[in-house]
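Below: one structure in structure tokens.
Chain naming follows the written order as A, B, C and D, and within any one chain the residues start at number 1.
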Amino acid sequence: MNPPTWLARNVSKLLPTAGKASTVGALRCTQERLATTLSRKGEALSPRQLRRVLADLQGVADSQVSEVEGGQRAMDFSRWYEAATSAQRCDCWLLMSEQFAPDLQKIQAAREPYEAAQNTPDAGPAEIRLRQALASPRTRLLQRFAVFPQGLRFLLDLRAQLLPHLKTEKRLLALDSELESLFSTWFDVAFLELRRINWDSPASLIEKLIQYEAVHDIRGWNDVKNRLDPDRRCYGFFHPQLPNEPLIFVEVALLDDLPQAISPLLDEAAAAADLAKATTAIFYSISNTQTGLRGVSFGDSLIKRVVETLKTEFARLKTFATLSPMPGFRAWLGKNASSMLDKLNAKTRVALARSLGVETVTAADLLAAAEQALALDTKSPLRRFLMQCAAHYLSRELAGGKPVDPVTRFHLSNGARIERLNWGGDLSAKGFKQSYGMMVNYLYDLKRLDKYRAQFSKSKIAVSSAMADLEF
Amino acid sequence: MNPPTWLARNVSKLLPTAGKASTVGALRCTQERLATTLSRKGEALSPRQLRRVLADLQGVADSQVSEVEGGQRAMDFSRWYEAATSAQRCDCWLLMSEQFAPDLQKIQAAREPYEAAQNTPDAGPAEIRLRQALASPRTRLLQRFAVFPQGLRFLLDLRAQLLPHLKTEKRLLALDSELESLFSTWFDVAFLELRRINWDSPASLIEKLIQYEAVHDIRGWNDVKNRLDPDRRCYGFFHPQLPNEPLIFVEVALLDDLPQAISPLLDEAAAAADLAKATTAIFYSISNTQTGLRGVSFGDSLIKRVVETLKTEFARLKTFATLSPMPGFRAWLGKNASSMLDKLNAKTRVALARSLGVETVTAADLLAAAEQALALDTKSPLRRFLMQCAAHYLSRELAGGKPVDPVTRFHLSNGARIERLNWGGDLSAKGFKQSYGMMVNYLYDLKRLDKYRAQFSKSKIAVSSAMADLEF
Amino acid sequence: MNPPTWLARNVSKLLPTAGKASTVGALRCTQERLATTLSRKGEALSPRQLRRVLADLQGVADSQVSEVEGGQRAMDFSRWYEAATSAQRCDCWLLMSEQFAPDLQKIQAAREPYEAAQNTPDAGPAEIRLRQALASPRTRLLQRFAVFPQGLRFLLDLRAQLLPHLKTEKRLLALDSELESLFSTWFDVAFLELRRINWDSPASLIEKLIQYEAVHDIRGWNDVKNRLDPDRRCYGFFHPQLPNEPLIFVEVALLDDLPQAISPLLDEAAAAADLAKATTAIFYSISNTQTGLRGVSFGDSLIKRVVETLKTEFARLKTFATLSPMPGFRAWLGKNASSMLDKLNAKTRVALARSLGVETVTAADLLAAAEQALALDTKSPLRRFLMQCAAHYLSRELAGGKPVDPVTRFHLSNGARIERLNWGGDLSAKGFKQSYGMMVNYLYDLKRLDKYRAQFSKSKIAVSSAMADLEF
Amino acid sequence: MNPPTWLARNVSKLLPTAGKASTVGALRCTQERLATTLSRKGEALSPRQLRRVLADLQGVADSQVSEVEGGQRAMDFSRWYEAATSAQRCDCWLLMSEQFAPDLQKIQAAREPYEAAQNTPDAGPAEIRLRQALASPRTRLLQRFAVFPQGLRFLLDLRAQLLPHLKTEKRLLALDSELESLFSTWFDVAFLELRRINWDSPASLIEKLIQYEAVHDIRGWNDVKNRLDPDRRCYGFFHPQLPNEPLIFVEVALLDDLPQAISPLLDEAAAAADLAKATTAIFYSISNTQTGLRGVSFGDSLIKRVVETLKTEFARLKTFATLSPMPGFRAWLGKNASSMLDKLNAKTRVALARSLGVETVTAADLLAAAEQALALDTKSPLRRFLMQCAAHYLSRELAGGKPVDPVTRFHLSNGARIERLNWGGDLSAKGFKQSYGMMVNYLYDLKRLDKYRAQFSKSKIAVSSAMADLEF
């Protein structure tokens, strides 16, 4: 954390400007802070450039300047940024993160009256003043990027670029948190539009589905057309400023039964479902599209709004469920095979060993044999054992009181329950690599969502009786 | 501040429920606070009702509940509220203001690390934790009202109803401030749409212009149609959730010269202007429509966005100015007539006295004579004197470094200058009552907006040379 | 019909140009025809102007010119026309009607093969050639006015101006018929859009409702707003090229019973109807808006499409009916009072005389007494008699096998039946002047529309049993 | 033309029904006609079915039935039709063509007064009556298919299916002509919307571009995306009832020079053009999409409307031209090589022979050598000769006074001139097969369009001086 030598030489050159700038608005730029900002190896910007960038950012955040003018400056700055190198951008983020912090003295000055006012009528106004003191110049700086038409897109991209650096550069956390906080207000689901996406939607939008689909890769335009056919539904949340950019989208198949496998749903040649007979809505793919929106969650609201919409359109729908991957199972089993084997009683273990043609089953035996899992028939002891492991993985393997599997965590936090494990649900290479081809149905039982959700917050995992039967 | 007797009797009944509720989420409801909430005369809600309302609100704000469910609860609550009496609503506001405050202990726990982390890489994360601690349950409570379709309208109306009570009931300030803070994010001009309003706009929207016009009352549909004629322009800012509700609107006439009087602009029988020859855009009326948005300002951005739009449509436009009322002049002169007279030199004072037929002019003489101001001819000493007073009122009469006249304050803070005083500019009863019929042109000189704006922030008032000539 | 003297002098000057023009395309302009065109008193255009207008019109209709260029010429011509006087326009119409007729020789050349080809495979092609021979240059001339954006409006207005002249100037009939024929294709209901009109519709559109309402005058914006309230429905047919111009519109009230009087429906202060309980849709006003569309009928389709739309929205609706005026009754009774009195038997006639305080009732007595009709009570012989006359007028007074009352004719030709006569249904001056205040309900019994309509084509008038009871 | 035996047996069974139907409206169905209809081998419909279909069609066309009801019947009939076999449909077309002809007697009755009224004021009304007599029940029959939402699509498809049968079955001509006549009114460009198509257009629409592109096959979604990039323009005409169905579309590249070859325009990897510098708009592909609209022309209007639109958007555009294929050249040269060779003078012919390594050039030599045309360098005598042939083919080879090449015919009839021949303009297999890879620029010189168009109508072909130089 030692300032490089050039800073020792240059910090005095930097400060005059910075000092002057600090008189504008509420910006503070002390010698220490600027030194801190610059104290890393591989600086990309020269002191002169740093001064210039800092002055530009201060101009954007200047509270004396109108919002329109500030927005104009932000747009000008965004042009510089677009042309900057990755390392130059990183310097820029540090300036944004560290040079536009709230004013400590103001905070201290507001805090004491606030604490004193507790339980008096003055508590409210004192609370307000404290919160205002905490509102950072950084907030205004970022807000002004939202003023020009492409500004929201700019900020989303900026955060997406920033995120991978957070682990190694803690000083960026303040900027990241500021962005997350602004995004959670701006992208509040209350202000998003739920829109159906179909084959009449703009090609530029559908192209994004192909690009963003995270669960079952879309292989091209015929594949996506199949998923948007009249017997399917696809919904996304949209922000008014990003009209052709789905923030999240869900693909739904309308069937007459809970499906066991994904391939019939992705089969472009399959006959269209008879919507008049549909009783079951299957959410078979949910994809977030914006890396920059990490921490802002839409999935829960999306599913609930889509359920409402579907119920209005199709009165016969009774069952709402998913057909979901189990992305972490195989990697998890690789590390936990031994302890899973330990859970078997002697008799079962012997049967398993016999079926594998060994005397006693080791973790290595198990994992080697599992490579041929797709060939196992219904009665195979190994198949039974792998399904027991999967059931355990889903519902018993918790971290921080929550399931380790991210998909399980997501659906259960929405109030769903683990309904069924489907052997051979996804025979693709990806499916096998993730979970030996197994898939999961999560059931959204509308009458029990709140109950399950409340239980889940206390780490109680809701499973069907069929799932319970699979437990060791 | 004494709790009424029934509270003494009832507080224990209240608390069990409240205590239970306080375990849900971050809500705190101590005996003292609730007692405080209730310690006023004329309570409208019984203890039992209070408990019920509080529990309902806690249910809305419950962080364990999904946003969709929270929004549903908020909508249910809004139905109760709509049916409530004014006094019942006031009780409800107090609960919202006082029972959903941030957690003091959390704030204290976050503050110390924050102060300690100054100038270290941990400053950012510490800042974030402090800000999160300050995020009140009240914020979440209010956000959930925005989830259902009419919720934003509900919150705007709630604040409009609340505002008149703030002076007498300081305990509502926290709620008011929370609403203002949320509104300034939700109604950030970056997310508003600038839309032209014309005679093809929805009747329901145009009806709102009639209702909201604040400057020159719209006398009916023929009047508003004249203002929306093809030779006029009218623009408003709209929020995506309130599509037919202009938040602010401005009426523009396109002329070939700076106008001296308002009546030709409002004359429904006047010939249409020749847009091909228009050199001058006159903003002759700007009206905010939402009382509930007090403190959230759009006017500056509106004018600048409209100027840009007009310049694109009409390449010949050179001058952008207003024709504005001077609402406070006459009331102000009523109190300051004497000191104004004192500013005259002896000779002028004699001439003024002679023209009024008195020996020496008193404030009373002056004000009595001013009642006939409209009859004064160009050379009249009284007319000259009244215009000098008006010029003084506009540019020299400051409070807190800003002009006392609200219209002057608004335009000058946008970077305009005081351009011209128009005798007889508004001959209506309202115009005479406000300013003896005088009107003002404020000029938006696009090249000097930032300069004037910066000067204005230092209490330097920009005036034209013609205005300077009018000063005493 | 003698050509005025100037024509004798000028026809030779006219003809060279005309002769030349006639070589262009299929235009024929013989000396006789042009002489005929000009043979009337009060010509507004000089020979030179006539030549010029004719040449311009020939330029528009020129088949050698592209549709875009022809449309451009039509637009240029429309500017001349807009500035022309009424008499000049009349000259212009005569040129359009007479100088662009089909070519007689072509028709004759096509007719003979057509007749010869009957019952052979050549009948089809021969029919085609005959029809092509009949397609007049006038058709192309008019079509080219539809090419430019305001052209359709231009043609509608032209026909509206032309119609009053048809009775006195038969030579305009060809032009009128050509327009009617084109309009019936262009305004085929298959290509019109049924659109709901409500208070969110454009003000410019709603202004047209006020202007066009033909049945119950709209008194202003509050009145029209009441008719567009959420508990009402209003639908119109729109042409894609005239997006804010309803071609016809119908106003509907949703009630729980068949209404007896119009005033509750027009009462702006009346409480809103409870749509959840509505069983009855009342069409209380249908207005055509475009005089220029005379002969092109929409009313039947409008009512049927609206019925379908309402049934989808309100499943409980059972009854579809009108509350209609009886515009011609009083004028008719003025002429037929004697013959109506003759229909009474002696006893009834005596009772009627007694109630009027005369010995024997004459037509004059009757009509004089009827002036006080609104004061008559339920049992009054005169009231009974007037209602019998009205029933007779509606269902027995035919001309050409159809009811003389235009409203009756319209609804019965759609398949409705005369359901009920409502004494005091319209107490306005207009209502009294038309029908002594009586109104009629026509019932659209969806199961019997086709049956009634077929009977009506054979002059069988469908009435309810209550109406039958009123017959003499 | 002999009725098959079953008709001899069955015609009496048929006629009772037909006779009854003929009393409805203006339908005539004589024994002879029906016999004619059925007198062909391979009837697909039994007599009973024929009777049924005829009765259904008569029900659709019934003038006693409302348009809404008629439209309903038409929709019901369309369901039967959709399920019918190709041969059954052919029977159905014959019924539509022959059984709904106009009434000869009415026509005769109207013709005589019309002829007598020539040059009298009665000419107009007489003309009207004659035209009404010619309006066939077939017109009403077809119009009623346009009443239901998918009806226009139905009729377009019906005609597309019908067209291939016209050559062998003349009796269908009447139906075809009736459809063409209706379509030219319904699809009059005056009522079509010019719409830009870009990458934000619906995927379902863009899929149709891929499907319909007639000039340069679209290879997939990346190819079409390249053609819809921001530096390109694509426009189509749309009918309000077929909102996602372009009737015709044109693809435009914006360049700074007249292009010589198509491949740079279709190169997905090429850099985007700089629109600010564009001086030249190139129409490089125009495709009609609806076989059923044969005879209804849009191309001329499309190009002119697009030119206007582009001039408004890009003020610097000076040149409007095409880069077009020459589809029939090679086939034509195959037949005319000898006569082309005869046009050469002796010296040139010797040089050509020498370059081909033969003593005297025969047609066969020439065509054989031309197979290697792409390898020829600029100075090659064969290349020069082939270009001369192409120039001759384009501008001298006429049929009926018009160029034999359909593309030349189209652009020249719009007023364009042949500007330049581009050797190696289209190196694709298709391009070589059509024209040895040559392409043509047609220039739309806006100031001379009308002049060239008028000349073209007199068979004068407009060519540039460069093209003139290529003539033999």
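Convention: contacts are C-beta pairs under 8 Å (C-beta built on N, C-alpha and C of every residue); 3 or more make two chains touch, one makes a residue touch a chain.
Not measured: the values here are computed from a predicted model.
Using C-alpha centres only, name the chain that sits farthest from chain D.
B
Roughly how far is chain A from chain C, going centre to centre by Cα mean, in whole Å?
Taking the mean C-alpha position of each chain, the two centres sit 64 Å apart.
Could you please state the distance in Å, as a whole number, between where the Cα atoms of chain A are centred and where those of chain B are centred?
39
What's the distance between the Cα centroids of chain A and chain D, rounded to whole Å?
Distance between chain centres: 53 Å.
Would you give the residues of chain A that are in contact with at least 2 other chains, written as numbers and ranges?
none
What are the touching chain pairs in this one?
Contacting pairs: A-B, A-D, B-C, C-D.
Can you list the chain A residues touching chain D in their complex?
These residues of chain A touch chain D: 199-207, 220-221, 225, 228, 244.
For chain C, which residues are in contact with chain D within the complex?
Contacts found on chain C: 1, 30, 32-33, 36, 64-69, 71, 97-98, 101-102, 104, 107-108, 111, 114-115, 118-125, 127-128, 130-131, 134, 136, 143, 146-147, 151-152, 170-175, 177, 181, 185-186, 188-191, 193, 240-241, 300-301, 304-305, 414-415, 449-450, 453-454, 457.
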